[in-house]
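Okay, so chain A shows up in both of these, paired with chain B first and chain C after.
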Partner chain A sequence: MHGRPRKAPKPEDEAAATAKAQKLRALQTQFFSFHHSKIYTKDAVELSAKLLEINPESYTAWNYRKLAVEHYLSQPDCNPDSVKSVLNDELGVVESALRQNFKSYGAWHHRKWVLSKGHSSIDHELRLLDKFQKADSRNFHAWNYRRFVSELMNRSEKDELKYTEDMIYTNFSNYSAWHNRSVLLSALLEKKAEGFLSKENVLPEEYEFIHQAIFTDPDDQSGWFYHLWLLDQTVTIDYPLLVSTWPAHGSDVFLVGDRCQIGSSSPFTTLFSDSGSFPIVLYFNQPVEGVSSSTVSIECGFNKSKDLLWEPLSVSNSQTAQVWVAHLKFPTSELDSSVEVSVGHTKEIVSRRGFQYNHPSTFSFKVHVQPVERDSSQVSVAENILWREENFNVYGEQAEESIPIVSFDRLCIKNGHESAASNWRIEALAKEIECFRELLLLMDCKIGKLTLARLLTAYDAMLFPFANKLVHSEEVLELYNDLMKLDPTHHRYYKDEYSSVLLQKMTSSKESLLQHCFRYKDSVSSAIGNTICLRLNNLSLSRTRALEKLLWVQMLDLSHNELQSIEGLEAMQLLSCLNLGNNKLRSLTALEPLRKLKSLRVLDISYNQIGDHSIDTTRYLCCSPLSHSVGRELNKDETVINDVTLNYWEAFYVFRDLNLYQLDIVGNTIADEKFKPVLVKIMPTLKRLDGELLD
Partner chain B sequence: MESLTSPTVTQRDQLLVEQQVFSLFKTFYNMPPSSQSFMLELQRENHVEYLTNGLKQLGPSFCVLDANRPWICYWILHSIALMDEFVDPELEDNTIDFLSRCEDPNGGYGGGPGQMPHLATTYAAVNSLVTLGGDKALSSVNREKLYSFMQQMKDASGGFRMHDGGEIDVRACYTAISVASLLNILDDKLVQNVGNYILSCQTYEGGISGEPGSEAHGGYTFCGLATMILINEVDRLDLSSLIDWVVFRQGVEGGFQGRTNKLVDGCYSFWQGGIFALIKRLNSTKGERSIPLGDGEDSDPESPRTTASSDATEEGLNKDLSQDDSHSQKDHHDTSSRVNVADIGHNSSKGHAKVNPLFNSLALQQYILLCSQDLNGGLRDKPGKSRDHYHTCYCLSGLSVCQRSWLEDEDAPPLPHAVLGPYSNLLEPIHPLYNVVLDRYQEAHEFYTSS
Partner chain C sequence: MDDIPPNPPIDPTTYDLIVIGTGLPESIIAAAASATSKSVLHLDPNPFYGSHFCSIPLADLPSFLSTHSTSPSPPRPHLSDESNEFSVLDYLSSSLLLYRHLRVSPDLLDQNSRTFNLDVAGLGESLECAGFQSSIFRDRSLGLTEKNQLMRFFKLVQGHLAGEPDVKISDEDLQSPFVDFLNEWDCRPKLNRLFILYAIAMADYDQEHTGVCRDLLKTKVGIDQLALYKHLLAGFKMHLELCYILFMGKGNYPKLLPPCCCQRLHLCIAYASYCITCRQVEDLHIFPLKTSQDSGCYKGVRLASGQDIFSQKLIMIQPLSSAYNSESNAAAQNETAGSSSTGTSDPGEGKPTLLWSALYVQELTLVVSYGYFFLVKLIYLFNSHANGKLNYDDLVDATEKLFKEIYPEDEFFPQTSSENPEDDDDGEFSRNIKICY
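Right, the complex of A and B next:
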């Protein structure tokens, strides 16, 4: 069938071919009559061999031969020698079939069957494989068979590793060989074979090896794929770790019932809530499952119910998420109390790849309830939040703010126990960085630049706990800037990476973070409890990543960026005011992360492209596009106005769980006169739409 | 290792192909526009002639395909259907009779009369019959027997065997699940643990391999992804790394390679290109799903779903595709005629909503038309290779996918600039999960759900 070498028929051959076809037809008729009447005589079996030699795809004939062998083995007069010769015949038939078509599924499968009878020798099989793999070094049947034989005959993985090396020396573009190398190394590392006890022993040498290929020809893709695998092996920390939490360890949380006077308490830890509860957020280094009241215990004086409900913050409704949240009720009796949260003392928190969370940790914080007098007249008329420049003052300008109250260092957990084991990783990365800097001196190479940028980012992240800053972020940003110019086709990807590094840089130190902190005008009657606004506007961000240090943010300005997606924003559980105006959001479903933000009251999505395109292309990367929960949920709300669900079901889906007071949606194609009444219907809590007070 | 001056075999081969393809493109760009438009034209008549002849009589060189005869039927019939042509009634009858003779008394179809039933040839036979359409073809399948054949092929591990005593791989899973879904005989027993098997084949590159441990491959990635969608477990795959992998399989020639660092091949226009069609529908499934109103089936939210698959097929892809609401179709029709006649180039009307494909659709169409097309009929792997039915089928299927890669709604015709060459190149839309022409799918779907 596919990929078989074909020869154009020459007219003089045609007569011969016709004769051959006639011969095949006769053979076939004969064969089927033997097969259907279960005749396994010597002649009959030989005839099937002839058929297979002409047409190795004839799987019925392969099965017939299996039956014939079984039939022979069940005879009373069969002895070890004759069994051997029968099985040898089978191997011979397979070999001649493979000479005719080395991509025949049936032939390779038949050989596996013969071998599983305990026949043939490893040397014999390897010699045969050698022949086929020389003829076509990418034949995946042969590589599959090779893995099968090695396993069946307990050939050492080290010998196989050597074989991939030889194949690579013959042709370093042979990706099948590189691939098998990664499979073998993973197996050796997993069983901690001698000389392969840890990645530390293995990976540095592999880097050396791959350099030869990459430096020989940086344009060949095989080496780069293998390098990517190596880098992943070096950087990835298999087991899950807790990266940050809200509230942070050792912090004081001031809970305020309704609107409040903040006074001297820390803006980073004062929380306004109108639901009588506050969230506890756990942010891991990778998606995990199994966070529950049995894996996370909470000790506090006021929480009577032991079974706190932990919710995964993922838009896909899967039970695996990087960020988890639970809601704790305000203490009612005492005004000050402390809370201790212990994570992972039982083993059920597991990463997607099955690694257990094995660093039990505890964090604690104090909760202070500030009683306030309820002013009912102000509740009904929400204040209009205006994101104008003049409404913001640089945070820290006023004298009493000059002493930052929150300990910045506590925003992120330092997993110090990681460091000792990581020295080799840091060394390996440092060496790679040096190496690729050299390569880039020799030539201008896109993939080389990208690799260097990835290496530097990984290196900085690894060193961060010690250095406390991202040493190379400027260089990385420069590299991505270059790449955007050099390789415009992949501009979006580079832009996303750029955004991610930029955000990391801005949140990496207290100084840089405070530069983006502003105080929203001197307002006492604000709908928001906390008037510190983090302003990340005008930065041409295309992605929202690296949010782990921003869990405290309640007012966020992301306007005038290039966001097409706000994936990840669901982690910011405290958000009450959010400005996404003047971005490139293309559809309402791009706002799906907002559904998880129960405290959100003020939202600005004006001047985006919602409605221009009916599908948001950012959703190509969503994790669970086929979860049908959406439709099912909607059915339950049969009472809701049908035209709303029919024509604006996206709006209905995104907004119906939000309790917005204020929404700005002007400047989007979708926001026409028909749409506004729909929004009002969906969100009865809405007080202000595009600046206009609603009745 | 070798020095810079001597390229590896792989690189030399790649270079040769590039030279050949680029010189073809160069010749093309230096042509006067009239010759250019001829070069880009799909030679429908020649293709149909080549295909129809194949169905009637094949030369002796086809001996090696003797165990794949239903495949030949499928490749030819599907290609003809893509061009909206039909085979004459006598040939149609003969084909149905022939396929019936390939059907095993105990269920399933073999590679030819008297051969053992085999899942791949069963897939080919069923798709052929669906493509032929009509009661005679559709009712000729013995579904009860076929179901029991599939149960026998089901391995304890969750995967399927190709045939009794045969190999287990992703191809077997796809052909089994696809056929079962198409014939409406898919149930929990068949679905059980198939997802685990497919998952064990997704490699670190992101694509899916034929069996665990092997490298990612275009054909298997299509099969694996389609299977996961059909059994409604697609969210278990690492989709973003899968997309990452597949976007990088499109090469400088415009066509797709099947594996990392392999040569371009026209047939991957469908195997890789079809992956994009599936991914596009995945997203639109959530995005544009119509709300079932007063649908009796949904009145009781607690009622258990009969099978996992009915979730996927009834609520997901199929629902969108098989919408038989005459109103909506009429609307699309109106919109389309308006756009075509009076307002070419205007794309804001709803039926024509634009979705950007994740691959370079025009480059792929250019590769298919200029490099894979044999102007005397038939399509091929790459320049220098000869045409065959397999490549004709998958190049054309890929072309159909390309032409609709900007469309959100498969029922609406694409805009002229989405179709490379004359608009008459436009092929019939396919159902990307099964790779049968969409209206033939709809007929079959209705037939098998009502009977």
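Right, the complex of A and C next:
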């Protein structure tokens, strides 16, 4: 049934096929004439049966039969017995069609249609299915139909679960059986059926079961799929949680107006803003919807307007996002005041899968406003930010600054119930880790390594609130390194995972983070002020993940990596200077997350591959005039000339909302002489382009 | 067993073929006949499946031997009224004296009864990957590591046999002792090495003490042993599947399969163990019916219940007791004495020790009735007397030959259905066959 090689047809086969086609064509012509003139006589219906027996894929014929049945049932002389016999005839036709082609969608659908009429014996269906599933135990049509039938006859999920077990015992290389098992278990767990009250009781047994398959034949993929599902069930916490915020709980925020001197305030928490407002960022563990002024309340002395506008930071323009932002106006009357933000005291924050946010949490911080001292002489010339090595000094550990990540720990929602509930998860993961280490001792196995890496990552993440350290990150990195060598086909995936783990590792502790913190020059009077630059350059990162601990960063150096995408960067609302030079960005649409960074002033995207590739693979993900999502905005903007919107709509789309002072785009194919004027036109605020001062 | 309700009468009472006994050849013939649209009734007078191919726990050995050596004198049905038409033969007392010379030491049984299974006709594992894979998967007595390693070893052998260049076992290795090869291959868990050596390659004697070992198995021979199963399977798979469905026809078979029995000796699911585990305790005695007019012709069978079932043809396969080899019996008993102490001294280790290997040469008498008395002599269980290894080498051929003689015009398992699995309708033969035990 599976894995049969394709053979070239023999001449006699071809002759037979031609003959069959001729016969079929004749039948079809006749059939269509019946169909069009709505003739449902016995002969006509029989003709359609004949047609379907030869070609079960003829959808029109199936539909015709449905019409014929309806026609018959609407006759006045129709009685229950005859209804039954008509429907049984239909089942017979389906059966012979399935004999011809087991995988005919039309035939299976027709059968469902007949069954839903409710006049046929369902027991017979189960017997039939047994036969089909014996012939091909993993055919998903049969399994789909089985789910339909068992629902129709209210067969208990436990019985069906037992059935999957039997099928797996016969031959465990059966994707469909494992899949059905996961479906059934999910249903049982959701219902909290007897014996399936919690994952805690069910999953360990399932792990035990799947180990038998995986160890017996690690080359068989079906078991691994199920294992991945189990792992997901173990790791995923259904309820949304708030994992990070800016400002962090208990922090002091120093707000400074447009370019001004400040005193001894902390460089980590001093924010420059020329818009007169500052952002509040909520970072959840999964995408949620329903964040609004009614679900998040803010208590503060200075802002009386309660209706703060919460904006989802998602690229897809949906109302579901993992990160949400609102902008709070600077206090005008008081210089120091405290702000308290309460999240989720009403139950309207809901995850994508419908779970409510049910850990109401509150965080508070103090706001200190530095008096604005405007100095007109400094405004005219914007300083050129040069990302040169000599411009950065190690920040060092001289200052015992309150790095936001440290203070963030205070937000950790310590909930007795939750931690008790996750004990079994930790135990299960520890067991799995042990198990797969054993497997790797026995044999070299790529999927085993990948699984171990996933397990260790999940285990570390789960233990982090207690251990405050990612214990296994070195080992995980090594595993991914290994995998990149062993399995070049999936190099990019491993690379992404590697980057993610590396970033997690670097952001996990104050010490490791401080190693990457630098002071830009020693100037405190620059356009960016007295800011710390986080330098994550030269790390061969391919993805930007694990950003929840970096919300405070205003100056970020990601140059000399292997970034192809900057997904997730939109969460870093405070970013004002960003260096993405010398990466592998392939298109302007890949820069879409930047659109959400309203404070971004300095951007370096030099020496990427923008324009190298004629095919932009991220374009279809991007909201474009082609997808009609930004068309309206374009029309409004009368000042933009037509050829700009036509030829450089991506540039227009990405850059028009940014207030950049400085842009470096040299070293990209797209950045030719024609392009630069376009950029200047799109961004009137631009002062420097590729180092040159603009008029 | 008195409280068991009597079997319901069998309906219908006339068949094309009645097969008595559920040993391998009987099952194959029943399946083959059914595949050619014959109606078949399959009967077994024993309370277990498998007849002379069964696998029984050691503790059941005495009772097994005694049922086959002395007639348990079943209640003879009343025979008076139909004597004109046909006479009734006493099936049991005439031929079942096969094991009468065997004696079993009770001590031995007591010590080992929980740890060993006895395969009356030797092991008949399949080395086919999917089947083997599930057997290993199912076996809860094996550790994860052991499962992994066993499976890999079989893949290696399979690759070697299939001639895949990257898994070829070198000639040098083939000439080395099998036990060394296994060691070198890094059979980490010792237990696995023992399985492969003793349970699957069926080596005799202690292979790990080369000094004392009387029969050191070379790798080539070991691999060939495995290959033999593989080879058998190639011509055999279809039949095994048929038998499988035949036995398990009700669709609930997986739960009947055991966690491969006791002491892991019985690692692979032997055909016979399918049989034994499907046991239903029913008391069914069978008496062949013979017409009185035509002395050579069997008409059918009479069941213990008194019901007569008729058929055109009847198959009974009986080992002949006359050819029993008493010499090897003596050897077997020596073996028993010698090794039983090993078994007791080191029970925790679980090292399989050859307790005894009984070699008996036996002939099979076939009683087939289709108009005249037909007798075929089959020598099975041995492909070569010289090395005395148990296997089923000739069995299928002999069975096929027999089938041809009964139904010369029919094909022995027509190939069409296996070539075109889409059309394979397994209901076809199960429809034509009726099984009663």
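FYI, the second predicted complex is superposed on the first by the 516 of 695 C-alpha atoms of A that agree within 3 Å, B and C clash if a C-alpha of one lies under 4 Å from a C-alpha of the other, contacts with A are read in each partner's own complex, and residues count from 1 in each chain.
As a working rule, contacts are C-beta pairs under 8 Å (C-beta built on N, C-alpha and C of every residue); 3 or more make two chains touch, one makes a residue touch a chain.
None of the values given here were measured: they were computed from a predicted structure.
Enquirer: Is A:Glu289 contacted by the first partner chain B, the second partner chain C, both or neither?
Expert: A:Glu289: touches no partner chain.
Enquirer: Please work out whether A:Leu24 is in contact with chain B alone, chain C alone, both, or neither, and reply first, second, both or neither.
Expert: first
Enquirer: Using the touch definition from the top, say if A:Cys435 reaches chain B (first), chain C (second), both or neither.
Expert: second
Enquirer: With both complexes overlaid on chain A, does A:Phe225 touch chain B (first), chain C (second), both or neither?
Expert: It touches chain B, and chain C stays clear.
Enquirer: With the two structures laid over each other on chain A, which partner does A:Asn63 touch: chain B (first), chain C (second), both, or neither?
Expert: Only chain B is touched by A:Asn63; chain C is not.
Enquirer: A:His211 contacts which: chain B (first), chain C (second), both, neither?
Expert: Only chain C; A:His211 stays clear of chain B.
Enquirer: Now for A:Met443: first (chain B), second (chain C), both, or neither, which partner does it touch?
Expert: So A:Met443 only meets chain C here.
Enquirer: Which partner chains sit in contact with A:Lys131 here, chain B, chain C, both or neither? Use first/second/both/neither.
Expert: second
Enquirer: Touching A:Asp482, do we find chain B (first), chain C (second), both, or neither?
Expert: Neither partner.
Enquirer: More residues of chain A in touch with chain C or with chain B?
Expert: B
Enquirer: Indicate the residue numbers of chain A shared between its chain B interface and its chain C interface, in ascending order.
Expert: 1, 169, 171-173, 212-213, 216-217, 220
Enquirer: So in the complex, the part of chain B that touches chain A is made up of which residues?
Expert: So the residues of chain B in touch with chain A come to 1-4, 7-11, 59-61, 63-68, 71, 110-111, 114-116, 118, 162-167, 203-205, 209-211, 213-215, 217, 229, 232, 234-235, 239-240, 243, 259-262, 265, 267, 279, 282-293, 298, 301, 311-312, 315-316, 350, 353-356, 358, 381, 385-386, 388, 390, 408.
Enquirer: Which part of chain A faces chain C closely enough to touch in the complex?
Expert: Contacts found on chain A: 1, 99, 102, 130-131, 134-136, 165-166, 169-173, 211-213, 215-218, 220, 435, 438-439, 442-443.
Enquirer: Could you please specify the touching residues of chain C with respect to chain A in the complex?
Expert: 130, 133-134, 136-138, 140, 144-145, 147-149, 151-152, 188, 251-252, 254-255, 257, 421-427
Enquirer: Looking at the complex, which residues from chain A come into contact with chain B?
Expert: 1-4, 6, 8-9, 14, 17-18, 20-21, 24, 28, 32, 35-36, 54-60, 63, 66, 100-101, 105-106, 108-109, 112-113, 137-138, 140, 143-144, 147, 168-169, 171-176, 179, 182-183, 212-213, 216-217, 220-222, 225, 229, 232, 316, 318, 587, 589, 613-617, 619-628, 630-632, 634-636, 642, 645-646, 649-650
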